[in-house]
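Read through the structures below before going on.
Look for subunit A in each of the two complexes below; its partner is subunit B in the first and subunit C in the second.
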Partner chain A sequence: MKGLKVLLVDDEIEFITTLSERLVLRGIHAAMATDGESALRRIEKDPPNVVIMDLLMPGINGLELLKQIGARNSDVSVILLSGRGTEEDCQEGKLLGAVDFLIKPVDINDLLNILKKNHES
Partner chain B sequence: MNHESVPGIHPTVDTACWNENNGDPVHTEQDTSFNENIQTTPVWNENMFFGQVCASCTHEMQNVLAIIRESSGLLEDLFAFTGPKDWPHLEKFNRSLQGIQNQVSRGVELMKRLNRFAHAPDLKWIKTDAWMHAELMVFMCLRFAEIKKVVLELEPRSKTDEAGHHLYTDPLQLQMLYYLGIRACLDTMDEGGHLTLSLEGRDEQLITYFTVKPGSSEIPNLGTSLKGVSEWPIFMKILQQMKSRVDFDPVQNAILLYLKFPNKESVQDTVAESS
Partner chain C sequence: MDSTGITVQESIRKPLKFLDRLNGFSSADPAVFSDRKKYLRLQRNITLLMFCSAMIPLLFVELLFYFQYESPVRHSEHSGIGVEAERIRQDYELFLQERLSGLRSLAAFYGFEQLSDSGFLAERLQILKEEFKGFEDLGVLDHRGLMRGYAGPYSLEDRDFSNSKWFQKISREQTCCVRASHAAQPLFILSVRTISAKGQPWFVRAAILPEVMATLASPPGLDTGMEVLLTNRSGILQTPSIRFGPILNKLPFHFENKSEKPGPIETVDIHGEKVQIGYSRFREFDYVLLTVRSPLEEKTAWSLFSKELLLILLVSGGLIYFLSNRLAGAMIQRIQHADEKKDLAFRELEHSHKLSSIGRLAAGVAHEINNPLAIINQKVGLIRDLIECSSDGTELKGISESITDITRSPDCKIYRLTDEIVNAVVRCRSITHRLLYFSSRMEPSKEAMDLNELIREVLRVLNHAFLERQAKVDFDLADDLPLLHADRGLLQQALFNIFNNAVEAIPVKGKILVSTRLEAVRTGELKQPEAGAGVFVVNIEDNGEGISKENLEQIFEPFFTTRMGYGTGLGLSITYGIIQKQGGWIQVESELRKGTRFSIFLPLQTVSSKTLP
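Let's look at the complex of A and B:
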């Protein structure tokens, strides 16, 4: 998975900073955004392979962001990672094209397996 | 009390089942054909206020736990990827990190259950899975059992038992009954005892058994002992409100809690009384 480009989107900056450092140690390029608007700008400028994002954020929420990513960049895979997701959010997220829905806190190995599976497919 | 509907709160919620990952209720279609008084929209009340604040905090706690997990994971990674292999404190360092991870996992389980508990007041008089409520209350009472050095457990169930465990009731009252029943039994027990809850759907009734196996000293009579504990009068009061009854089995040393699957009239009566 070396060279894989991941964008982490979450308003919990401490969470994405730490997670990105862990991904970088494994050879993955990890960028960060703390809200939907800056995430969209970053995707426009430098499209990642995968976006890992929270559902509840200030401004554009996760599901709306997922819609907008799907409309603009069909090649970008999205993984939802939230502490607050309901079953409906999960179903709606998958309908809107999210490849997976994870609940915080997540085991790094589970996340890596999903990234690997997605990368290989 | 004057109940007022609050717009914007979960439109339809069935607390019959929960999201396994975070404890949130799974929203499903309600079977309202049974009785038009079965509640499908939440009504604002004090319990719901308490529950909503509590549920919101559990979600925030999941974020806190996620940051702790990632931070300790990063320390582990940094050492594994770049640290000296001959550091004399490596074993203690790893053990300490493992301790943090274990406590995060413990916290996650607690938060999931607390979230489920916080959603109990969302709806009254719904079709709900009593076994899941028993499981939740057993989990919530494990600490009390540990303090008394008593083993507390819920008998597992098979897929075929599941249908018989669903009944129309108020989830919060049902949880209170289980909680008070467990606490009352624990109060009569001593070190080395064993308290097992098991559920059985039979003849339009759901029977919950609280079976007590004493520890070092014999309990003279469970029925008599329970009457002396502080939880028992409240347990009996709720039981009355739920139009249910309790019995004792002296051979098995068990409380048998009978919850009737209510017919249309009894639900209407109870809804009228509680509103």
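Let's look at the complex of A and C:
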């Protein structure tokens, strides 16, 4: 798990800064992006192992972003982490290649477990 | 808890039926659809309409018959006696004509001189008597009224009859009936007027026996009760009558002379009885033949006819009413059924609209809350991380030594506070997640499970709450239940909600009874009935405070709660939705201060290979 590169994409800056700080404390490299475009640029520049992203964002929304990531970088795993998350979103997300779908607020340990599982597989 | 009293049944009936309808299992009990009276009124109106539309033409036909046949039937009755009179009159006329022609031929053959010989006349009388019945005597009169020759029982020879009434009559008429001074009874006299060679008239006269005349009055085939009379035109009886007195009596009524079509006469006889009289005038003689009948007998044909008409009217009326009523009843039943279905569909639609709009709202609210909640969660998490790091002796950047010192203690206050914040976040999260679930429309997945085991699992989760209340849970679980195929997570949630409510409803040391069984399914209960279908029944009874009648109607409505302040009002609504999604339904019975029973019905479904574990 140490050295795992994670990109957090969410328009809630407070949320991603805190989460990234906590991940960093656990030895995970966490980068941040507050919208789809900057996220794509970051992925282009420095592809992470996992992208954890929200669904509702200004500009490119989560599912669209997921589609584009899937098209460009097939080896990047995506975990959806949203405040709403209907079952339709969940199913569509999984269909587009998201490895998991989580609803906020999420326990850090649950998130770590998923990351670990993903990392091992 | 057993709600057995009648009042209880009544109090819970409405919400139960309401739920039935929501579930799509329409109740045939029309009382639910309150407007029983409306349907009865409608049925009455339709019956009346159909009855009238059939009866009015029938009535018309009957009236038509009545008026069409009234006069012919009455006429035929009356003309019956007229016809009879006509027939008998012809007999009489023939009888008299025969005898007159006998006399005429006598006068023509033999002449006045020869016939004036009484001996010869006696021979002729003998021949006439052999030829024609009824001749009493025979006489020849000259123009002055002197009886020149006579043969018969009376000694009338050479008597002068010029002043006698009957001679005056026969000099004008061919026949007459007279009370002659020489005879004990009135005689019926026939006479033939002949002109002699000298140009003077002479007469051949004969008397006819009254008994013979009377035999003509009762011909064979005459109605019993009908009397035949002979009168002259002045209404003097020529034959004796039971109803109008002896011969030569005057009739108490008049005939309209020369009337072309004589109608029947209704009058009263000498005994004061009503009679109907038909009559026929003689063509050759100045007589009228009467047939007399009492009117009671005459009216039978018409009264029979009207009675038949009335009977037909009544019988068909009754039949039409019966059929109309039955038909209207069947029609109304269909209408009612259709109305019920419509009502049900409307309510279901309304319910689902309500749920979906509330669902959208709930999803929005949940999302809005989840984001700040996630921030709080992470912030608190970070604080805890920092504390944990510091207690591990890890170098903490930017945190003063004094704080680090405080937090080094394992039961430090900050650590406890963060714990409480995390707990609050978890509580909030459970609410927002429930809201999200409420809005979700996912199709439930299916897996095979043991229903009893599922119930035990849910109860284990709630164990602490039972312990807190010192509640006693009794089980009455059927051992031989087949596997249930349903969404495990959803069912857990549904059962959890009901158990949770039960625990909160019961007093300290309260009781909860859980029972399961498999029931044969009744027709129409399942939306997609399968061959050999059965239904799982889970009963959850508590001896809690019960639910009031008003609340019972609303408990499955979203956001309905009686626990003001700490209930979301979504638990039972979600439960209701879950059970419905699994193809089942929920019933609830409750009585205040006695308890509540929730019954969950879940269809037993055949196992397809895909869903087998």
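Going forward, the second predicted complex is superposed on the first by the 121 of 121 C-alpha atoms of A that agree within 3 Å, B and C clash if a C-alpha of one lies under 4 Å from a C-alpha of the other, contacts with A are read in each partner's own complex, and residues count from 1 in each chain.
Heads up, the rule we're going with is that a residue touches a chain if its C-beta (ideal position, glycine included) is under 8 Å from a C-beta of that chain, and two chains touch if they have at least 3 such contacts.
Quick caveat, the model's predicted, so the values are computed rather than measured.
Once the two complexes are laid over each other on the shared chain, residue contacts for A:L25 go to subunit B and to subunit C alike.
Shared-chain residue A:G83: touches subunit B and subunit C both. When the two structures are aligned on the shared chain, A:K116 is found in touch with neither subunit B nor subunit C. Overlap of the subunit B and subunit C interfaces on subunit A: residues 12, 14-15, 18-19, 21-22, 25, 83-88, 90, 103-106, 108.
By the touch criterion given at the top, residues 19, 21-22, 24-27, 59-60, 62-63, 65-71, 73-74, 77-78, 81, 104, 108 of subunit B touch subunit A in their complex. Across the interface of their complex, subunit C is touched by residues 12, 14-15, 18-19, 21-22, 25, 56, 82-88, 90-91, 103-108 of subunit A. For subunit A in complex with subunit B, the touching residues are 12, 14-15, 18-19, 21-22, 25, 83-88, 90, 103-106, 108. Interface residues of subunit C, counted against subunit A in their complex, comprise 363-364, 366-371, 373-379, 381-382, 385, 389, 425, 428-429, 433, 436, 439-442.
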